[in-house]
Amino acid sequence: MRGLLSHVGGITWLFFRAARYAVPLRLESREFSRILLHFGVKSLPLVLLTAVITGALMVLQTGAVVELMGATSMVGWASGVAVLREVGPVLIGVMFSGQVGSFNAAELGLMKITEQVEALSGLGVDPVRFLVFPRMLAMMLMLAVLTVYGDLFALIGGSIVSWGMFDLDPWVFWQQVLLPHPVDDLLEGVLKAVFFGLNISVVSCYFGLQVERDPWEVGVAVNRSVVTSAMGLFVIDYLFALARAGA
Amino acid sequence: MIVAQGLRKAYGDNLVLDSVELSIADGELVYLVGQSGEGKTVLGRCLFGLERADAGSVRIDGFEMVGATPRELHRVRMSYVYVFQHPTLFDSFTVEENIALPLRYHRTGSEAAVLRQVDRWLELAGVTPYRRAYPSELPFGAQKKVSIARALSLQPKGLILDEPTTGLDRATADALTDLVLQLHAELKLTTVLISHDRPNILRTASRVALITGGRLVDARLGRPAAEGIAIEGDPDRILARFLGQGPVA
Amino acid sequence: MRLKLAGVSKSFGARRVLDGLDLVVDAGELVAVTGQSGSGKSVLLKLAATLLPATSGRVEVLGVTPPYADREAIGALRNRLGMQFQNLGLFAFTDVYGNLAFSLTKIGMRDEDIRARVDPALETLGLGRAHDRFPDQISGGMKRRLAIGRVLVKLPELALFDDPVAGLDPLTAERVLGMIAAWRDETGAAVLIASPDPDAVRGRVDRHLVLEDGRLRPEAA
Amino acid sequence: MRWLGSLVSSAVDILALLAETLRSLKGVGRHPERLLAELSSIGTGSLIFLFATAAFMGVIIVFQTATQINKAIPDLSMLGAGFIRVMTAEMIPLLTGLMVSARVGSAISSEVASMVVTEQMDALRLANTDPTEYIVAPKLVASLVAVPILGLVSLATGITAGMLVGWIVFEIHPSTFLNFRYTYGYHFLSFCLKLLSFAVLIPLVSVIEGFRTGRQGAFSVGQAATRGVIMSSFFVFVADLSVSLLERGLWGAP
């Protein structure tokens, strides 16, 4: 328990140290664009594929329940809300953390082992400014964009299943998704994704930089990074739900 | 000028440095040697603020390193750059970008000025042909040279090289040692070499600081005769045994 | 003859590492193989340890062609071999004592016999106080001694050491090689050592060979 | 399309490793200490983390659906019935699978990769010990024991957490909330099927990714850990969807 608290403290502290470079903005653009391209493109196919599956699953379940309540025509509405606002961002966040967060933790851990981080500070370069801050911004942006695409793919998956399983015309499905207030739902999902991205980036940077010298520790860092960011994801999601209830 | 007094460092109950005294003048070249695990790297790291000594004092150009804040240490470490045993280059940056990194980060000048500087360090380290290559495409010896060039880009007063020739074959090790000697002479760098490369120590060292049992033996190597080496300041002949060669005089 | 390789080649995909190599090591012999990194020393040792099959050529280990496909038989043969790996291969799931005892249990020794053999070895290796620590809790030098000791306590008929003096200074390297030589004198085992540094082994072995272009040649003194 | 090819070859590797592991399963009894070690690292290591996420999920779902329903028709009497069904058939299995992938998948991959890199696997073979029997088989058995139990307990945790929110925030009495009308026998069957398939897939996929490693020390270990999480969570998704579709196809109606 004490270990957990000290990690949470360390993660918060790392966040504040990195956030200092936001105002005034001091961004290492070379590293920022590299991360964006390298991590973002890499994670796209698998995230989208899982998004399609997620959409299918959501329709299977919500569809069945709505059907039980006797309103097949509501399938699109129900799954639209579920995907855009709730399940989409969370599951895409989990996959993103598994793919990009863990890769990031491993990369930084490796840089620690090969003394690259120490060499950086030896050259008067602040690792937090050079490594952590660009990653933080990049992952927030990346996850927001991925969530928009992921939502789209999830709804495509959903419309296919509701067509095949519930005989619901895709046209009707999409009308239902788009009719109520999809923009609000989408925006809320994207805002959530930005926070998820912040969570994943700071957590994975923190555990990556915790590595000292043993290769074995890199595996531990990846593990802790994924586990902790998943926890963080649910906590953030919960806070959002609370905030909406309050509003 | 680097002056260490009464330096002490222990890990648990393992005393690695025990009241070590060492003084290195500006522009001097010193080898730090010792058996594996005897703490020559620890001494190097304590001297230049990568590790905090338990007791004693290290003054670099009059500035007290033990107990200094990280920010102050940073400033000193930019003028005495530590070159790690592994090349520590950024895999995703080309050689040129690696060398330009500190210059661009510290906004030292216009882009043209940065590139002119990079030219100079590439030339000095003899790695100009690798300019656009990525570190993983370079032979190990060239990677080490690039990491030296990167250290030079800050125009430091001194270099500390941690086992620069470990992992290199004989010819490359000798060439790298010659490069370090040449840079030392040309740029008047204070140079500390942490090493157990016996042939090169015998070939090039004039002053050797040996760590053994936490203590430091400060010895001078002379080459009076055509064959053999004279070692002064080694009453217990520890260094002589380490180098596998008895004193001539 | 403890080890006999005749016209042995080994390729990984298109890359040919060993190319018609010949080598004989007799009982009681201490042979060193040096060569640049990447010249195939580790492959040669793993071949001798029956961990890799040859692409072509004759391999005889302890007088037999290794029966790779027969689990029981190859296991029995491996029980009579020992190897220190370049990356040490220390078992992370057990402590120092367990590392030394592991292969002895596989030979079928009883617990008290194992203890009688391992306990004194722990002292000789300077690992007595660390017997219940795990490999990630001991220093680099201790790890290396443990890896070498693990070969010695097994009392193999053919012992293979892959770069036993890596990263060691000349004095320590000399001590390690001396320990291996003394053990050889005592047990009469055949020993094959690989090292990238010809200076480290020169004059301390019975035969010094150089691996180059996939073949062995005597070192020109 | 390269990654699609690698997915297919992964699937083939999984089957091959499964066959090999099953063959050496009888050896697990010879090393009870290995099985215990794996049980404690797979089972107890995942507990708190998994239960916390399950509780959060229960709370969030009840919260969200209740507020949505309240807007349309202020009748929450059937909320519990729908919630329990969705939790049993989909949410808890998927969550358990993903969280175990994150927690255990990366750990197994990096453990195996570091065993390959440090040549422990070679050392095992030279000590007349089959790595499949000694390392892989205990992981599979431990996972088959631990994962279903973890799933059951997180189901209980998630439903309890949801029930408490329903009771405290929305004043749905537990006796109304704990309604199993929409949860049929085959939902529980697919719950079990999903967990069992995850229990097989996660350790095997992670072991394969661990073995599929270069020899560049820390670099390889980190890469393997990353691939372990990604591939095992991906296969969790695939298995989950397959079972859900199978369930729907076999029983048709809701």
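Going in written order, the chains are labelled A, B, C and D, and every chain counts its residues from 1.
Assume a contact is a pair of C-beta atoms (placed from the backbone, for glycine too) under 8 Å apart; a residue touches a chain by one contact, two chains touch by 3 or more.
What you see is a predicted model; the values in this text were computed from it and never measured.
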Revision key, fill the gap. Comparing A-C with A-B, the one with more C-beta contacts is A-B
Check your understanding: Looking at C-alpha means, what's the farthest chain from chain A?
Key -> C
Point to revise | Centroid distance [mean C-alpha coordinates] between chain D and chain B, Å | key: 51
Practice item. Give, as an integer number of Å, the spacing between the C-alpha centres of chain C and chain A. Key: 48
Revision key, fill the gap. Chain A and chain B have mean C-alpha positions lying a whole-number Å distance apart equal to 44
Revision key, fill the gap. Per the C-alpha centroid definition, the whole-Å distance linking chain B and chain C comes out as 35
Practice item. At least two other chains touched by the same residue of chain B: list those residues. Key: none
Review point. Using the touch rule from the top of the page, what residues of chain D touch 2 or more other chains?
Key: 111, 114, 117-118
Check your understanding: What are the residue numbers in chain C that touch two or more other chains?
Key -> 92
Point to revise | Chain-level touch network, classified as line, ring, star, complete or other | key: other
Check your understanding: Each pair of chains that touch: what are they?
Key -> A-B, A-C, A-D, B-C, C-D
Revision key, fill the gap. In the complex, the residues of chain B that touch chain A are 50, 74-75, 77-78, 81-82, 84-86, 88-90, 92, 97, 101-102, 105-106, 147, 150-151, 154
Review point. Along chain A, where are the residues that touch chain B in the complex?
Key: 28, 30, 34, 38, 114-116, 118-119, 121-125, 130
Review point. Which chain C residues qualify as touching chain B in the complex?
Key: 36, 139-141, 167-172, 196, 199
Check your understanding: Mind pulling up the chain A residues that touch chain D in the complex?
Key -> 45-46, 49-50, 53-54, 56-57, 60-62, 64-65, 67-69, 81, 85-86, 91, 94-95, 97-99, 102-103, 105-107, 109-110, 113-114, 165, 215-216, 218-223, 226-227, 230-231, 234-235, 237-238, 241, 244-245
Revision key, fill the gap. So, in the complex, the side of chain A touching chain C is made of residues 214, 216
